[in-house]
Structure formats: structure tokens, C-alpha cells
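Please see the structure below; I have some questions.
The chains carry the letters A, B, C, D and E, assigned in the order they are written, with residues numbered from 1 in each.
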Amino acid sequence: MLQTFRLILKTVRYVGWSLFWLLIWDIIVTAYYMLFLDSRVSFPLMPLTLVGSALVVLISFRNSSAYNRWWEARTLWGAMTNNSRSFAREVLTLVDDPDGLNPVKATLLRRQVAYTRSLAAQLRGEECPTEVATLIPAEEYERRSQTNNFANNVLQGSAALLAGEYRAGRLDSIGFMRLESTMVELSNCQGGLERIANTPLPYPYAYFPGLFISLFCMIVPIGLVDSLGWFTPLASTVAGFMLLVIERIGADLQSPFQKSEHQIQTDALCANIQKNLDAMLRDAARRGARARVAS
Amino acid sequence: MLQTFRLILKTVRYVGWSLFWLLIWDIIVTAYYMLFLDSRVSFPLMPLTLVGSALVVLISFRNSSAYNRWWEARTLWGAMTNNSRSFAREVLTLVDDPDGLNPVKATLLRRQVAYTRSLAAQLRGEECPTEVATLIPAEEYERRSQTNNFANNVLQGSAALLAGEYRAGRLDSIGFMRLESTMVELSNCQGGLERIANTPLPYPYAYFPGLFISLFCMIVPIGLVDSLGWFTPLASTVAGFMLLVIERIGADLQSPFQKSEHQIQTDALCANIQKNLDAMLRDAARRGARARVAS
Amino acid sequence: MLQTFRLILKTVRYVGWSLFWLLIWDIIVTAYYMLFLDSRVSFPLMPLTLVGSALVVLISFRNSSAYNRWWEARTLWGAMTNNSRSFAREVLTLVDDPDGLNPVKATLLRRQVAYTRSLAAQLRGEECPTEVATLIPAEEYERRSQTNNFANNVLQGSAALLAGEYRAGRLDSIGFMRLESTMVELSNCQGGLERIANTPLPYPYAYFPGLFISLFCMIVPIGLVDSLGWFTPLASTVAGFMLLVIERIGADLQSPFQKSEHQIQTDALCANIQKNLDAMLRDAARRGARARVAS
Amino acid sequence: MLQTFRLILKTVRYVGWSLFWLLIWDIIVTAYYMLFLDSRVSFPLMPLTLVGSALVVLISFRNSSAYNRWWEARTLWGAMTNNSRSFAREVLTLVDDPDGLNPVKATLLRRQVAYTRSLAAQLRGEECPTEVATLIPAEEYERRSQTNNFANNVLQGSAALLAGEYRAGRLDSIGFMRLESTMVELSNCQGGLERIANTPLPYPYAYFPGLFISLFCMIVPIGLVDSLGWFTPLASTVAGFMLLVIERIGADLQSPFQKSEHQIQTDALCANIQKNLDAMLRDAARRGARARVAS
Amino acid sequence: MLQTFRLILKTVRYVGWSLFWLLIWDIIVTAYYMLFLDSRVSFPLMPLTLVGSALVVLISFRNSSAYNRWWEARTLWGAMTNNSRSFAREVLTLVDDPDGLNPVKATLLRRQVAYTRSLAAQLRGEECPTEVATLIPAEEYERRSQTNNFANNVLQGSAALLAGEYRAGRLDSIGFMRLESTMVELSNCQGGLERIANTPLPYPYAYFPGLFISLFCMIVPIGLVDSLGWFTPLASTVAGFMLLVIERIGADLQSPFQKSEHQIQTDALCANIQKNLDAMLRDAARRGARARVAS
């Protein structure tokens, strides 16, 4: 019970002031109708139903598109995680260690973290974060403003390092191609994420549900007051509350990288990738040390 | 007939106490209206219809999203099964047997089982199960708390073993890459499963259907009692029963790894993988023995 | 006209006795109301509409899920066909023929047919069919009960044969991997089919539409009799007929391998694969003979 | 305005005679009711609404399934085009030219056109077209009736030619596999197209919308005549017209290879592939000639 | 508030004159009914509801199909971007540099831009833009009218250049195949885009929503005037406005390459690809120069 109440409170805060203004409006309409209108004009419900069903079609389409965008963005970040792990595993197992753990492995894993961090910032439209500076050479970090897609250049830098290993004979041709395939996957994830970040929903789908819901909420008390009397504010505020919540979540989900309660937690995902890659590097170092002791 | 009755009973148990409280409420409302209200106030059906159709949109969206999550989780576990079999087949056919069945094959198949078992536990938010300790080296099992993703490290361990076979000349480069591709697939399945386990439905979709259905069930008898009289509890309990069942199944399916009647049976799937892999290893051993006898 | 009538008749047989009982019930309700009830109690249509729209949501979800399962199963069997043909083409072109057509080619194509046949039986929950015994070695067929997934072991047997060709130098490493990739695809199709066969729809989705439709059909005449009078049985039987047909097809499609008019015709698909593979083998033999004559 | 009128006329022709019979029926019902029925029996609208909403669910499901089948078929033919181009590009760049343009290249590109043409005929259930005889050896064309899938045998023939080039040392192993991967894609497209052509929609979905719409159109004037009077034929013919158009397009799209205004234009697509391949061959010949001149 | 007003204004301009004519019509109907009709004929709402719900089904299907086409086109252009980057990265890392940066790399990157530019023009049904002439040899540009798919020939030209590098020993076999795989992806994106550009929605879906919405908007005031009186023009214009906006956006999205406010910004996407490729080439040149200095 208490939990339900807390949930309702949380939701009320989620919707915010709109709900308050709606309540005020509902009360004004009801009071005016009950106190000052003598003739008791009866407003037909037909237009309410008409607008209502057009609204339902529009909102359910918008919200499911918004959810699909959000879920696709989340799926692509998930794939970014998987591919980062696969990239790390392939770097650790396919590149040779002439003596001790090849230092390029640690470099590549760090670069992969830098890649995801700079991509995350790019998607939010932010500057490349300073922690990236600790992961890649300073000189490379300086050039971040000379390109319109720094993450892509970081990835190309990793590819160049791998090409160096290949030409130095520490990575065979087939292994190199396996790593290149993983980088193709990373590129595809990046491209998909950029597509979602750069292509908003067509604006009629993005803004109209909010507009029409406001309109509808303003009409509702006029349509109901004749039959519900003084209960009108209660009924129409509850109905409006539902609509405002549904509208709000659609508006949040349609831009999955913009600041909102439901935005994709890219920083947490990047931190997770970093932890996974650190653990893998530690394991590989331990295994290598043991192998050297054994031989 | 009897079967239908048993099915209804099972469903009633599935919904549980909510149904009972709903019935009580329906009876109270009806009794109060029929016995104490003189003026027979007529409540209009309009708000009921309004809330009802908003509810239908919300619930049908929620339930189909929940079902899609559940089915995607099931599909990914299915892919985990296929890829485990493919991994086993590739290990058994691509790695050379210098004399007798190469013992690393049995090790790798056991590790694959350990991988699926530890992943299943991770997804449910549980500790790594003790049976995993019998499948991998004790020392590796000890390190399970030093990483935030033990399953991933088990997989990397298998990759390191394969790299050892490759460097020892018992697995050629192309075969190694074929196995690495299968491990990429395994990583992708793991990542997809983690995505579903770690990203719940946005909470308005997760909790509101339940909230609004409760609200709706409480309003229904008030709206119906005027026209249905003493039949109200029957009609509104039946209608509420349907809604509660639909709500419950959506709530269950949206978290496919949490304890519920519909949760993904990860343990059964892991046991199945283990049986398949055991049968494949047995076949390979028999075939190898026959080949040695023949030569 | 006649064709339409035949179609209706076919559909009536498809729905079966339920329709008859529904008609009886409709007549009883109407007769009782028209003949014995004096006060002409008026039942409101509201609960009918309420239950009706919840029903529509539930059924349309169930039926589209069921159709998707059915179509996915059909798609996977289609992919099984394609991959079998690709497997055959690769065996025929990639494996060397030291003198005359390499006999292992015919063996592998027969084994592929055995694989699809035993998988089809497995999916229907049947014993491995006896015709498989003519396609694989007797000794292997004997072991069919020692494993919980015989089809998988047949596929592994083919992989072992290919590995033999590879070690004997009649198949190069890259060709072997191409064949292994095709076997990965076959494994994936098999896994997808097993997933559909082994994971039924969550039972509320599977059984409730039938239950609620029965309930709804029983309520309909009560709601209509007041306004339609003696036409009630006609109207409510026609409406019930539509609902029963929709329910029935959903129930059939949700288990695409179980005996029903719409089940996937796995035997016909297997026979088709066999014909395709026979024609391909015949072509290859003719081409090989001509090449030998020419040289 | 004129364009709108022309569009309506085109649509009326699209629906055809059904519309005329519907109009006649509407007039008969209206005239009978207005002229001969004295008591002005009032038919309730409830059954009309009931049947109407069941119809909407059924039709919207059928039409979206039909559209998906049609679009999937179109997508697969599109993929057939892409893969034919990729196949041609790979043949032209990967196979060596010992002196002048290797004649097998032109042969393989012609065979690819023969493959698409014979597949298109197969999907429509027609005989292999005679123009295929000009593209492949006469002897091979003769054998078209000895197989149940001639297109597949044509593809296998191309694979055998490529295997010949490989064994003759004019195509390396890895290039051969790249071409084999493209042929796997072609097989998959072919299989998908055959699946759509051979598996119709379950017949209740295919035939019932038409049946129920006819029934509904017959009931509509009876339900409306009481309130609309002499305007009934107009209103119910317009409503029926919409339903008949929606039904008709669903019926057309569900069998995308059968003769209808919306059928997939397979012949145009094949002609397009042929033109693309001719232009690519011409370019390659020109480039080769220039290279020989230069050297 | 002001922002909301600006949004409404923007939308009104988006819908255009239709809205004005609708308003005129609504006023005429209302005035005629209020001033000249004595008997106050009551028109039933039933046909309005009937046509309305058929309309909702039709429009929601059309709009979601149109949106899917638009989003698929956008996704394919996104994939074109990713694959162009991957192509550039592979060219830059896999092709050898005998002395200094191999000049073929810059050529191939320029050709890739030419490929996307000529494809973008092709999709819009325009001439190949003149800026392509600066990116490829003049002689090749001249031949643009001799083929029905110039973009495809540009891609084949790049493949021929890569084949030249391969035969000259500056690109190994496996790297060549990796690049060929990327070109297969480019072909697939091209094919998908051509499919969307060349296959419009079946015309009943494309034109009927507009037709039926016009019809519906004309009927609405007739149905409402009886109950709403002089408020009719307001109510029915607002309802019609919503419908016209929804119709308009569907009509725009269904042809994602045709001139409209929502068309895919292919030129901006091509410019973006060009910038990315330029930055990658610059980085590679700098890296190469440093390596030469170091050695």
C-alpha cells in the first residue's frame, strides 16, 4: 500500500507542474459551469471520442516508435560491449608475445576504452572527456578537434597499430582479418548509434502528441461536467494524469541519449567495459607469467 | 469440462489474493448502493470508457514488449545452445589428436558447460554455482570474485587454451579463426542476455499497468451498479479477473530471469547442453578408438 | 456462389461441434427469455463491450504471436532446405575426386537427408523413422537411444567424415571451414526449430482466449435477446462462429509441429530436400564421367 | 479535382463488379423497407458493431501479414539483384585472365542471368522460359524436366565451372570461398522466395476476410435504413466500397507472384540484372584491353 | 506558450491550403443547417463511426508502413556510412605502401565518395552530379550514360583497382577478400536503397488515406451540426486538422527520397562521409610520414 503510494508520488513528480495546471483548469471549468451557467448547455461527447481515438492512434504509434528507438540504442550499446570484449579476447589470444606480455596488447585495450568513452560523449553532443587523454597518446588527443568524428579516428589508430603488428610478423594474416571483422562490427554499432542520435523522430510525431494531449485535457472537463458535476475535477485530472504520463515517457524515450530519467546510461556501460577489459588483461598477464615460469 | 474447470482454478491461484480483495470491494460497493443510496445517483460511463481505452493501449503495449523481451531471452538461450554445440563440434573435428583423443577437447567441452552455468547464475543475480568448481581448475574458480563478469573470463580462458593448441601446431590458423568466430557468437548471446537482465522496462511501463488496472477495477462496480444491480459483483469480478490475469502475465514476462512461473528455465537448458556435449564427446572417443584399431 | 458455400461448409467442419452447442445454447436462452420472462429485464450492453474489447486485445495478440511462431518455424525449415542444398553443393565442388566421383560425397548427401528426417521426427516428439536406417550405418542408427539429440550426433558424424577428408588431403583447410560455416547454419536452424517446439506460448496466452471466448459466446445472447428477439440465435451464432474460427486458427498455429490442418509439412520438405540432393548428385556424376572421358 | 476523380474511377475498376452488386442490394433493401414495411421494425446496431470490430481485427491482421509477405518477396528479389551484381564483380575481379578476358567469365555471367530467369518462372509455376536456352548449353537445358528444381541445378553448374577454374589454378582457394559465400546468399534468397511462393497464408486468414466482408456489407443497409432512410444506399455503398478495396488489396498482396496489379515484377527485375551484368562485362573487357595495350 | 503557438503555426503551414478549404466548407455546412433547414433533420452518427474506424485501421497501417520505409532508408544510408568508413580503414591498413603512402589509397577513397554521390543522385532520379567528375577519371565519367546503374560500375572500378594491387603483390589474398566482403555490404545497402526508391507503396495504401480523409472531413460537420450548432466549424476543423497532419506526414515518409520536409538528407550524409574519409587519409599520411622519419 505504502509502496503504491510512493510509486504514485514518484510518478506525480515525474509528470511535474503540468498536472497542477491541469487540476486548476479542471476546477475553474467545473466551478464556472456549476455556479454561473444557468441554462445547463449540454456538450455532446462525440467530438471528445473523435479526438480521443485519433489521439490513441497517434500516441500508441509514437510511443512504440520511441520505445523501439530506445531499445535499439540500448541493443547497440550492448553490442558495443560484446564486441569490445571480443576485440580484447582476440587481441590477447591472436597477437604473439615475443617476450613477456606484448605491450601493444595493453595499449590496444586502453584505446578500446578511449574509443567507447569518446563515442559516448559524441552521442550526447559533448566534448571528448578528459579521461580519454590518459588512455591515448597526448598528440593524438590534441587532434580531436581537427575531425568531425574523433571516435572513428581512434578506431583507425587501433587498426594502424594492428597493421604494424601484422607487418612485424607478430599477427598472422587470418588473425588480422578476424580482428578487422570485429572492427567492422564496432563501426556498424557506432554508425547505428549515430543514426539514432542524429535523426530525431519526424517532428509531427515528436511534438504533436504533447500538443494534442494538452488540447484534449482542456476539452475533457467541458465534456464531462454536465454529467459528473462536482466530481469532474477528480475524474478529468485522473484521466489527464494517465495521458500526461504516457506522453512524458514517449517524449523521454524518443531521444535515448538526451538527459532524462530513462536515458541510456552510457557512462556506466563504458565503465563496465573498462572493468571487463581490465580483468581480461590481468588474467592474460597471470597466465603468461605462469607459462614463462613453466618453460 | 472438468479440464476447463481445473484450468480456471489454476488461473485463479495464479492471480492470487488480488481477486479476493476485488470481489470484497465489488460486494461492498453494490451493497452500499443498493441498500443505502436513495436518490439513485447515476454515474456516467464516459470516464470508464476513457480510462478503459487508455488502459488498453498501455497494457497491450506493455504486454507485447514484455513478451518480446521474454522471447528474445529464450531465443538467445537457444542460440547459446546451438553455439555450444557448434563450438563442441569444431573443437572435436578441428583440433588434432596426436595420440588418442586430445585431452584438451574434454577440457574445453567441460569449460563450455562451466561457461553456460556461470552465465545462468550471473543473469539471475546469484553466486557462481558450486558445480562449476568441478568443471574448471580450482585456482580459476577461486578468482571468481575478482572480476565483475566471471563467465567472460571463463570464455577467455578457453580462448587461451585454443591459442595454446594453435601455437603447439595442433590447430591450424583457419580452424582457430572458425572457433574464434563461434566464440564471438557466444559473446554476442551473452551480451544480449545481460542486456535483457540488466535493463528493465522503463518503470512507467513496468508499474503503471498494475496501478491503473487496480484503479480501473475499483471504478468499474461504481459505473455498473446503476444498471446491473445485484449482478454487479459477478460482472465486475469476471471483468477484473481477465484484466488481472493479463496484467500478471505481462509482469512475469517482462523480467524473464526472475523467479516466476514463466521464467526461462536456464538450468534445464544448461543440463541439456551438458548432455549434448557429453554425447558428442562419447561419439568422438568411440570413433577415434575405432580409427586407431583400423590403422 | 457454390464455392463460397463449400468454403463455409469446410469452415464449419473446421470449427466442429462447438458451433452446434453454441447454437443450442443461443436457442435455449432466446426461448426462455421470450416465453417465460414477463418483466422483460433489460441487461445493459456495457459489460459485453468491456469483456469484448479486453478479448479483442488478448486474441489479436495471441493470434499474431501464434502466426509469428508458425511463420518462423516455416522460415527455419526453408533455411534448412537452403542450407542442405548449399551443403550439398559445397561437398560436390570442394571435395576432391581422386578417381571417379569420391564415394564420400554420396555418403554425405545421404547423411544430410538422414539428418533432416531425424530432426523432423524429433520435433514432432516421434521415434527416429526407420527410413533413416537405410541412410546411415546400422551401428550408428543403433546408438540413437543413447543420446537426447540424435540429429545433432548425425551432424557431428558428417563433420567427422569431412575432417577425415581434410586430413587425407582431399579437402583444403579453407574449404573445410566453408563447410563448417554451413554446418553452423544448420545447427542454428535446428536450434531455432527446437526452441519453437520445446517452448510453448505462456499458458495464459495459449488457453485463455479459448476460455474467454466460450464465456463471451455464452453472454452474447443474454445481452442481445432484449433488442433482437427471435433473431437472437441467428445473430449470436454468426458472431460466435467468427470468434470460434479465429480462436481455432490461433490454437492451431501456436504449435506448428503438432497435428493440425496447418502444421508445417516437415515430411514433404524432407522429401523435397532429398529430391534436390539426388538431382545434384546425378548432375555431378554425369559431369565427372564426361570430364574423365574428355581427359 | 480531375485527378481525384480519375483515381476514384481507377479504384472502382479495381474493385469491379462486386461494387455494382452491392449497390443493387443496398437499393433493394432500402426500397423494401421504405415502401412495404409498415411497422418500421428497428434493428439494433449492436450486432453490427460486434461483427464490425471482429472484422477490423481480422482484416488488419490479414492485410499486414499480406503486406509483409509482399515486401519480404520484394526484399528477397532485391537481394537477388545485389548478390547477382556481387557475384559478377567477384567473377570479374577474382578469376585470372591468362590471355585476354577469360571466356569463362562471360559464361558465368550468362549463367547467372539464366539462373534468375528460370527461378522467376519456377516461382510463378511456369515452364522454364525459352530464352534460358540461349544462355546455357543446350544439353543442360534439355535436362530441365529431370529435376524438381532446375534453378538450383543451374547454380550448381556454375559452382562446378568455378571449381574447374580453381583446380586449373586460375582462382585461388580464398577467392573461391568468397564466391561460394555469395552462392550461399543466392541459395538463401532462392529458398526464401520459394517459401513465400509455396506456403500460402493459412486459409482462414486468406478467405475469411472476403467472406465476412460480404456478409457485413449485406447487413449494413439493414442496420442503417431505419435512421438514414433513402440515403442508405449512398452511405452503405460508400462504406462497402472502402471495405472491398481494403479486402482486395490484401487478397492481391498475399500471393506476391500471382497475376495481379501488385505482383512482383520479376521479369523487369531479371531484365535489370541482365543489363547490370552486361555493363559490368563491357567495362571489364575495355579495362582488360587497355591493360594489354599498356603492357 | 509562445513556442507552442509557433509550433502550431509551423504545422498549419505544413498542412497548407487544405485546412483553409476545410474551414470554409465547415462554415457553409453549419450556416446552411442553422439558417435554412427548418425541420432540423437529425443525421445519425453511425456511418461516421463506421467510416471513422475503417479509416483509423487504414491510416495507422499506412503511416506505420511509411515510417518503416523511411527508417529503413535512413538505416541503409547509415550502413552506407559505416561501410564507407570500414572500406577506407581497410584500404588504409591492408594495402602495402612500397614508398610513401600508396597513391592508390587516396584514389580509392575518392572513388568511394564518388560512389555515394552518384548513388544519391540515382535514388532521387537525378543526373550524376558534376562534382563526381572531379573524383573519378574523366573517361570513366563520360561513360555514365552507357549503363543503367552508374554507381554499380564505379564500385566495380574500385574492385578492379584492388584486384590490380592484389596481382601486384601489394595486397594479400585474405585482405583482398576482407575488402570484397565490405564491397558486398556496400552492394547490399545500394540494393536496399534502390528497392525502396523503385517500389512505391501499393497505390491503394498510398492514395486512399488522403481520399478517405477528405471524404470524412466533408461528412464530419454534417454529422456534428445537429448537436454542436454554431460550434461545429471549430470542432470539425480541429478534428480535420489532426487528420490532415497525420495524412500529410504519412504521405511524406512513404517516399523517403522525394522532395519533402522529411526526406533523407542524402547530400549531408555524403558530405559527412567525405569529411570522415578525408580525416582518415590525413591521419594515415601523418602516421606514415612519422614512421618513415623514425626508420
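Basically, a residue touches a chain if its C-beta (ideal position, glycine included) is under 8 Å from a C-beta of that chain, and two chains touch if they have at least 3 such contacts.
These figures come from a predicted structure and were not determined experimentally.
Engineer: How far is the middle of chain A from the middle of chain C, if each middle is the mean of its Cα atoms, in Å?
Structural biologist: Between these chains, centre-to-centre, one finds 38 Å.
Engineer: Approximately how many whole Å separate the CA-defined centres of chain A and chain B?
Structural biologist: One centre to the other, that is 23 Å.
Engineer: Show the residues in chain B shared as contacts by 2 or more other chains, in ascending order.
Structural biologist: 53, 174, 177
Engineer: Based on which chains touch which, is the overall arrangement a line, ring, star, complete graph, or other?
Structural biologist: Looks like a ring, each chain touching just two neighbours.
Engineer: Ring order from chain C, via chain D next?
Structural biologist: C, D, E, A, B
Engineer: Would you tell me which residues of chain E are touching chain A in their complex?
Structural biologist: Checking each residue of chain E against chain A gives 4, 7-8, 11, 14, 45, 52-53, 56, 59-60, 63-64, 67, 70, 74-75, 78-79, 81-83, 85-86, 89-90, 92-94, 172, 174-175, 177-178, 182, 220, 223-224, 227-228, 235-236, 238-239, 242-243, 245-246, 248-249, 252-253, 262, 272, 275-276, 279-280, 282-284, 287.
Engineer: How about chain D: which of its residues touch chain C in the complex?
Structural biologist: Going through chain D, the ones touching chain C are 43-44, 46-47, 50-51, 53-55, 57-58, 61, 65, 143, 146-149, 152-153, 155-157, 159-160, 162-163, 173-174, 176-177, 180-181, 183-184, 187-188, 190-192, 194-195, 199, 202, 204-205, 207-208, 211-212, 214-215.
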